[in-house]
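Report on the structure given below.
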Amino acid sequence: MQVLKPTEVIEMIPNGSTLMVGGFLGVGTPDCLMDEIIDQKKKDLTVVCNDSAFPDRGIGKLIVAKLVKKLIASHIGTNPETQQQMIKKELEVELVPQGTLAERIRAAGVGLGGILTPTGVGTSVENGKQVIELDGKKYLLELPIHSDFALIKAKRADYLGNLSYSLTARNFNPIMAMAADVVIAEVEEIVPVGAITPDEVHTPNVLVDYVIVDGRH
Amino acid sequence: MNAKNLIAKRIALELKDGYLVNLGIGIPTLVANYTPEGVNIFFESENGIIGMGPVPQDGMENPDLVNASAKYVTAMPGSSCFDSTISFGLIRGGHLDVTVLGGLQVDEKGRLANWMIPGKMIPGMGGAMDLVTGAKRVIVSMTHTAKGKPKIVKKCTLPITSIRRIDLLVTEMAVIEPTENGLVLKEIAPGVTIDEVLKNTEAHLIIPENVPTMKVE
Amino acid sequence: MQVLKPTEVIEMIPNGSTLMVGGFLGVGTPDCLMDEIIDQKKKDLTVVCNDSAFPDRGIGKLIVAKLVKKLIASHIGTNPETQQQMIKKELEVELVPQGTLAERIRAAGVGLGGILTPTGVGTSVENGKQVIELDGKKYLLELPIHSDFALIKAKRADYLGNLSYSLTARNFNPIMAMAADVVIAEVEEIVPVGAITPDEVHTPNVLVDYVIVDGRH
Amino acid sequence: MNAKNLIAKRIALELKDGYLVNLGIGIPTLVANYTPEGVNIFFESENGIIGMGPVPQDGMENPDLVNASAKYVTAMPGSSCFDSTISFGLIRGGHLDVTVLGGLQVDEKGRLANWMIPGKMIPGMGGAMDLVTGAKRVIVSMTHTAKGKPKIVKKCTLPITSIRRIDLLVTEMAVIEPTENGLVLKEIAPGVTIDEVLKNTEAHLIIPENVPTMKVE
């Protein structure tokens, strides 16, 4: 694990990369990293995130700045810009049920080839997917989602990079920390090793490649 | 009592001591205001919390503590937070006693449509498909009609949320229970006649001999 | 959640039940509950546990007392009695790779119909299982394991039943707490509500049906 | 130096700074004693810990803190504990840099058999199948022969652990690298001749022009 400045860490991301971004309507999203992506005008991004948040918040800012080529999310209703770009075909959107999105990201992170979920059976979500029937019950075979980078937000990191999250800002962050080639964590606070006890660590240090500290705190 | 509060109050009667309950956006949120006295309910939110409490007083907001609409909430004593896989594991795994959701249409098979209007509004399904598929009991709250048009229809014309039959539908006019045999009119609202319900309903309703009035004072 | 004595809680378990038991070579196994099962001579049990521990420890004691009809585990090498009963056909043993065992229990708990794992492909573990090929890579379709009862061990419970585990005694306990009809937690210590903070809760209270306190601590 | 320590010392040279490493039971455990100075390794154990340290001093044992053989261990500063799904998620998900395991047989395809001897010893696979399938690098440590009989064979006669080709095999006589073309003799132990290695090996070995001696003093 290495501590870098937001500028340095975002410089490593090529245009066209696939990014997972933590957060739920912007809560638990690494805001400094979002701003830095906009400053550096990273283009043609594929973004995996629960939702497109709001036009002035979370990954919503990336959408407004037209840096996103494709979005994989469960909900886009709080950011009108997303639907507008989608209708104009400027932005491709893949809508995934929230629980399925979480399991698909997790599957990539824990080395599963896929999972069978009852969610979406018989709805438009089923289109193009393999349906597997077991004991008379139907399931959709849903495939893993992996990414080049995961941009996550934690409350605290210790000197080794162990992370702990705060309340509902945890959401997708821990699973994204397992599902990307490079994991970048934005934290509010650095604490001594041991301040996050073994039972309190939410994401083990070995999963984290870079830590950046949000200077606003 | 206005329509929304009537619906919320009636649904609150369905909640029992110790239940784990998810309340959707809109009318469902109001249900929390009417939980019977002495009944201890654990409110859960998709973004990863059990034990959600009411809006905090001014100045006590924690940016990491929000509900699934990104509104500030409080956490009750004994609350717990978790990542999105656990959140949806609780929902899809059958640990959630009741989910209360809004609806656009419910049809004779008891199927719900509530996540998109093609060509017009595509917010995405968010957690709705998992909630309807996985909760032990699915209660839908909606106005009986929209701009004078029935929302309880023969067959959903909007994309359905799940093939699962919902357990109860509460409108400002009636309580309806979808069953294997069709939609059964269980209760009518104070001051409403069965004829009025039938006039505002496209789907066939099974009318038992005795249809009591909703027990909401 | 209800606090009971070991005698009372084990009396609820009928002969022939399927029990999940937490622990890894006995560490993180609810010892008082094990002793009580032996005292009450519960018979014909199907036990799901990582391993059969040692003859004088963990579920090893149940094996020695010949109370187990079928064992689903990943390892039986530390308890010679297990292999002996297996050879004499007194005990049926289903061996499951450890990671697969964990995922199968989790799948039941979170409402998945199954998971695809590369583990076991081309080995004897493949026998009788559906092999699914995706992008040229083979996976085994592994099915959920559910149980009537989960007997788990936690370090602490608060008055509401929220649990936290200690170090390597966590292991299979949290996933078993999601995968059984009835969850019984043996704890060393009861603490006030709030002593386990929302971010420290490992198993939310709503999953726990009964708590028993290990009086030896 | 005895055979076991020689093997352990040679394998230790494969470990690099920052690696996440799993050491199996037996010879592999000894590897920890020989990690190069200044190289910081994170040792992981299947039962759910990263940052495992050596045996505690007398009286400092914690019954909740053990390795995968249920032996007391310590936890290094910055260690973290987790449940079995995360433990095997790290392993199967490709987050584990190296696993070092014991072996009963390795064949010309580089396939390992290490979990059972039919009709004789059926300990179960425990975590071995997941480790061999999922780790980035699989290193096998074993004695070159058993009771004078070669363990490096043309084709495994014992049930294999995974179809995956292992990355390196270290015995007290040689270092062998399984490749697409077959087993390559990479190094010989001090005082051992190539002829002696060949005499004790059933499988065909590819002998490069230059076969250096293991760099262990």
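Read from first to last, the chains carry the letters A, B, C and D; within each, the first residue is number 1.
By our rule, contacts are C-beta pairs under 8 Å (C-beta built on N, C-alpha and C of every residue); 3 or more make two chains touch, one makes a residue touch a chain.
If you're wondering where the values come from, they're calculated on a predicted model, not measured in any experiment.
Participant: Can you list every chain in contact with both chain A and chain C?
Facilitator: A chain counts here if it touches both chain A and chain C, which gives B, D.
Participant: Looking only at C-beta pairs that count as contacts, which pair of chains has more of them, A-B or A-D?
Facilitator: Counting C-beta pairs in contact for A-B and A-D gives the edge to A-B.
Participant: Return the distance between the CA-based centres of chain C and chain D, expressed in whole Å.
Facilitator: The computed centroid separation for chain C versus chain D comes out at 29 Å.
Participant: Which whole number of Å gives the spacing of the CA centres of chain B and chain C?
Facilitator: Measuring from centre to centre gives 35 Å for this pair.
Participant: Tell me, which residues of chain A touch at least two other chains?
Facilitator: In chain A, 103, 106, 110-112, 117-118, 165-167, 170, 198-199, 202 touch at least two other chains.
Participant: Identify all positions of chain D at which a residue touches two or more other chains, and write them in rising order.
Facilitator: Answer for chain D, listing residues that touch two or more other chains: 49, 75, 81-82, 85, 88-89, 91-92, 134.
Participant: Sort out which chains touch which and give me every pair.
Facilitator: Touching chain pairs, listed by label, come out as A-B, A-C, A-D, B-C, C-D.
Participant: What residues of chain A sit close enough to touch chain B in their complex?
Facilitator: 24-28, 50-51, 73-78, 83, 86, 95, 97-103, 106, 117-125, 155, 165-175, 202
Participant: Which positions of chain C touch chain A when the two form their complex?
Facilitator: 103, 107, 110-118, 132, 134, 137, 139, 141, 143, 164-167, 170, 198-200, 202
Participant: Which chain A residues qualify as touching chain D in the complex?
Facilitator: Touch residues, chain A against chain D: 106, 108-112, 158-160, 162, 178, 193-194, 198-199, 201, 204-207.
Participant: Where on chain B does chain A make contact in their complex?
Facilitator: Going by the criterion above, the answer is residues 45-49, 62-66, 68-70, 75, 81-85, 87-89, 91-92, 121-130, 133-134, 159-163.
Participant: Please give the residue numbers of chain D that touch chain A in the complex, ascending.
Facilitator: Interface residues on chain D, with respect to chain A: 18, 20, 42, 49-51, 75, 77-82, 85-86, 88-95, 134.
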